[in-house]
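Both complexes shown next keep chain A, but they swap its partner, so chain B is in the first and chain C is in the second.
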Partner chain A sequence: MAYEAQFYPGATSVAENRRKHMSGKVEKLREISDDDLTIILGHRVPGTDYPSTHPPLAEMGEPECSIREMVEPTDGAKAGDRIRYVQFVDSMYNAPSTPYFRSYNAAINFRGVDPGTLSGRQVVEARERDMEELAKFQLETEMTCPALACLRGASVHGHSLRLQEDGVMFDMLERVRLENGTIIVQKDQVGRPIDKKVDLGKPMSDEEAAKRTTIYRVDNVPYREDKEVLEWVHRVFEQRTMYGYKPAVQE
Partner chain B sequence: MADDRKRMFQKDLETKFTKEHGTNKMEGGDITDMRIPYYRLGVDQNPRKLEMKKVGKDIAEKRGLAGYNPMMHCGGIPLGQRALTPSFISGNDDMMVENDDLHYVNNAAMQQMWDDIRRTCIVGMDMAHETLEKRLSIEVTPETINHYLEVLNHALPGGAVVQEHMVESHPALVDDCYVKIFTGDDELADEIDDQFLIDIDKQFPAEQAEQLKSAIGNTTWQAAHIPTIVSRTTDGGQTTRWTAMQIGMSYIAAYGMCAGEAAVADLSYAAKHAGVVNMGDMLPARRARAPNEPGGVTFGNLSDIIQTSRINPDDPANVTLEVVGAGCMLYDQIWLGSYMSGGVGFTQYSTAAYTNNILDDNLYYDVEYINDKYDGAADKGIDNKVAPSMDVIKDIATESTLYGLENYEKYPVALEDHFGGSQRATVLSAAAGSAGSLATGNANAGLSAWYLCMYLHKEGHGRLGFFGFDLQDQCGATNTFSYQSDEGLPHELRGPNYPNYAMNVGHQGGYAAIAAAAHAGRGDAYALNPLIKVCFADEMLPFDFSQPRKEFGRGALREFEPSGERSLIIPAK
Partner chain C sequence: METSASDTKKPIQIEIFPKRMIKPDTVEGLLNKICSLEGIQRAFIQGPRLPTKVPFGPAVGTPVHHPLRTNVHFGKTEMGLEVLVGRITLELAGKEVMEDINAICEDTLPCGYDIREGRFIQTRQTVSDYAKRGPTADPALYGLYDPKSKIESQVNLLRTNEKE
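For the complex of A and B:
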């Protein structure tokens, strides 16, 4: 019997988009070349080898261990890659993803990742090539709008600020800018200028962003109208409260 | 309720975000606009930053060593690329201040508030009197007590009494040091010289005075405040050490005792340990702090230290909001921001809860909602309260949270003002938690509302706060009514060192408010400790504990006069 994971309650487009992000079944909207991805991540020079922190596992003569036998190492772990990060900032103004849904996407659909979730940003640490696989996935799909989301390793301020006049999320370091209708990256995620312009493609229109977002907003899909989600939150709250009060009565 | 309700924050945010301040060119636009031009003017737009820049340059030139330079930010990108806007102090619409001036280092009123708490202890007189009467057959009368208090008001600031040829403190440096007494015994109170008495009948509304006198009974207590300068130089543990020493000397002098007789040891014990109330408990060794340091000040104690409830008892929401301001400053800015962490940053989390009337608006909305739906349950009173149940908590917390979230969605400037999730999590939960307390008169019910708010907030916006407190906020519901002794404390007895609160930056003022709201909502004279409530009902204290937010504003505007200044002993410049 094939089990279809439910992932998330709710009847609205926001709930549906949340289910998509969690399941990983998202639409691919753009192509980012490996070199361009490497440039904007800023961890190494494109074309160079992945720096490693240990020899390939195959050469290390690992001890016998049933867990090691059961769990297939990720490619990055096999090769001995160092740990590196990718960090996204998503605007509150109908950016497609949010920190928690980026984390759910990473944790459910990718192996060997360590997602961290904050209010203004979301970081994933992983072996470098594994991290790049996730970063490319999230950048190329409907999880990201290049104007309403941004790679920001440092100085992450901006997710809750009003948008610039051109509709791009404010960034004090101006890592990206709108140029001839497309979003151009001019600095890597930390804010260091890069040698070439990386084109991330067209921003989503206001309508498209409103359709693809995972954020409830009163001017789009109001949170209070998704009754099933509120009911579900109430249930989680009630169960946890009762567990602390009287564990024995909990089902 | 009609959605066209006038929001309290609208006027403040219109001034803050659509008017020019300094040279930041913020004029024009509307607080509902989602897009604005960013001028990227940097430091030069803001008068305070300019002042700091100039002073930093002067210092560097004078001492030949690099100092403050705002261009160091992000390797040469100046602060203020967006816009640097001042803020209003909530509840005080005429007070607009620079945000830098709400850092406690820049704000003398904030420093004084903490000084006044740390340098205070309450010492019982009854054991000492019994010792004098039973061990030594010395008669204690109102006259002898008055004489003793006169002696102690000389000795407590550092004057010699039974010693001779002693070094003493200069009285002008310690003029904020004094002791008064209070009692629930009306007859004794009548006999005490007015200058030495905190008169409960005068300081509190009649209903509250009765509650306090009933709780205190015929016991008598000294409200002692050691010199600010001493407390600032040493630590909170010095408060009882200093007080006990001078109390012992004063008993010896006032009652003509032999300095070496055995009963002195009993007096010393009584003065130093047996009948002593510290404002804060000692912390465990891993966070080792003396008594009377902020990590040990329970939320109930802070609620009692703040005096708004006796000045404005019929507006329990206002009482709550003043406790939020005081708690955010003390617990978040000073305790977590400095004692626990180390410096810059936490001010920004905290000020969200006491500036620009955003939290105030949310809580007063909740009051209207509760009063409409639960027949005046948010008004002051006992018989009007709604019984705390899961359904009531769910209803109030959900409505409060949705209202607050929708304000951030409808008013982009509100979202921009609270630009971090930590700020929003605090404000929304403080509103929901306080509302739960006001409606039920039960602080743990309020706390339960706080945690539901956290869940709703996270789920609605897909984000909450930061690593440091998201975990505690998401497991907190489980220990709200916990059966485990270390987690199951009534909320009034919890404090900033409670296991799940010890790192909850930005939350602590809200927690304190939940305790205050339950009791202000009921019309109780105190939340946890009647002695502390009376002790701080004293207008001689430099900091006005009845309106802490206004005092912070006065500090930011550089209008506040602190104690403990050293100009007398510093070369004139």
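For the complex of A and C:
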């Protein structure tokens, strides 16, 4: 029988969503064109070629190396793209994803990415086209609610504040705005105004966000209600502290 | 048994804490109704600042034009709102108006809210206040503005209009 990876314990909706984010089996909710994505990332002008830092690998004449033969380079590495970043910020008020689960999603499902996890933001560095592939995946799927998550290269502090009256996560640079019931992006990641407004679609309702979130909260699914998760967390802590991650010693 | 400020004739302080950050229009409506009540001595609004320019990062210096950074009117006084309001602290002469304030919040705020009684605005000078304002400072202004800024930019005296 083929081994099927198990990602996260627990029987609650939050645990189920965490498993979905880690495995990458998430529902696609919206469509964002390549040009729109390029505009909001703000690294290059839409429609232009990817700038490169070195010639394509095929032209470089790589040294003989068994590892290089075994590992297929990513498309960005093959073409010699620059390293660029995408940074997500997720509200603590039932945003679908969190920095840790964005990182798990990136590290498990994508190659050649370098996820960085911080308390309020999550950054992924990768070759430009690989980074765009990941950013598009995370933006288009249920991992992102346009009102509760945002691409922010700078000034991320709205994630821990209460939501605005209209239900959008606070942003002092106002990169996104609620217009006629849909979320419009009007500035790029770092707060530069963009020429074209990008429509990210309707925000999730409060009920839908509560259903799709990966955040345990006392006002939604409390952490202590998920007995299986607690049991496994206790087990990991015990084995780490008592046995230095050597379960055999426990016997 | 300890005596709290509400049992004495001393002013009491309350904090209105909405479940969401409120828009300038709502702030204007709420504070205008509250200011029309008798016995409101001082009001203090707090929230995250809305900058005029991007303060850091690659786009530093780019104008922000945040639509929530706007002017609001209290009676005849116009005030520039530089924050998105997250909490409102009031100093009351007595507890009698608490029910009215609760009713106003119920009518005006589109979301839930908490009202707490406690000590939220300074009642005496700190050392840095003393260094900045000196021994003859107006006690009504304690804690209402940052000693590093100018009083005119952060404090609005509605009673000036009444005298006019």
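Everything that follows uses one rule, which is that the second predicted complex is superposed on the first by the 244 of 251 C-alpha atoms of A that agree within 3 Å, B and C clash if a C-alpha of one lies under 4 Å from a C-alpha of the other, contacts with A are read in each partner's own complex, and residues count from 1 in each chain.
Keep in mind that, in the parts below, contacts are C-beta pairs under 8 Å (C-beta built on N, C-alpha and C of every residue); 3 or more make two chains touch, one makes a residue touch a chain.
Every value quoted in this text rests on a predicted model; they were computed, and no experiment measured them.
Student: With the two complexes overlaid on their shared chain, look at chain A and say whether chain B and chain C clash or fit.
Tutor: Here the two partners, once superposed via chain A, clash with each other.
Student: Looking at A:Val190 after the superposition, I want to know if it touches chain B, chain C, both of them or none. Which is it: first, second, both, neither?
Tutor: Second partner only.
Student: Name the contact category of A:Glu69: first (chain B only), second (chain C only), both, or neither.
Tutor: neither
Student: Where does A:Glu207 make contact in the superposed view: on chain B (first), on chain C (second), on both, or on neither?
Tutor: neither
Student: Does chain B (first) or chain C (second) touch A:Glu4, or do both, or does neither?
Tutor: The answer is neither, since A:Glu4 touches no partner chain.
Student: By the touch definition at the top of the document, which applies to A:Asp49: first (chain B), second (chain C), both, or neither?
Tutor: Neither partner.
Student: For A:Gly244, is the partner it touches chain B (first), chain C (second), both, or none of the two (neither)?
Tutor: A:Gly244: touches chain B, not chain C.
Student: In this superposed model, does chain C or chain B come into contact with more residues of chain A?
Tutor: Answer, by number of touched residues of chain A: B.
Student: Of the partners chain B and chain C, which touch A:Gly153 in the superposed model: first, second, both, neither?
Tutor: A:Gly153: touches chain C, not chain B.
Student: Can A:Met92 be said to touch chain B (first), chain C (second), both, or neither?
Tutor: First partner only, chain B.
Student: For A:Leu173, is the partner it touches chain B (first), chain C (second), both, or none of the two (neither)?
Tutor: both
Student: Across the two complexes, what residues of chain A are contacted by chain B and by chain C?
Tutor: On chain A, the residues that contact chain B in one structure and chain C in the other are 154-155, 157, 161-165, 167, 170, 172-173, 191.
Student: Any idea which chain A residues touch chain B in the complex?
Tutor: That would be residues 18, 92-93, 97-101, 116-120, 154-155, 157, 160-165, 167, 170, 172-173, 191, 214-219, 222-224, 229-230, 233-234, 236-238, 240-241, 243-247 of chain A.
Student: Can you check the complex and tell me which residues of chain B touch chain A?
Tutor: 33-38, 40, 74, 77, 81-82, 390, 394, 398, 402, 405-406, 408-410, 412-413, 415-416, 418-422, 424-425, 448, 451-452, 455-456, 458-467, 470, 475, 477-484, 487
Student: Name, in rising order, each residue of chain C that touches chain A in their complex.
Tutor: 18-23, 26, 48-51, 54-59, 62, 64-68, 84, 86, 110-111
Student: Mind listing the chain A positions that touch chain C in their complex?
Tutor: Touch residues, chain A against chain C: 153-155, 157-158, 161-167, 170, 172-174, 177, 190-193.
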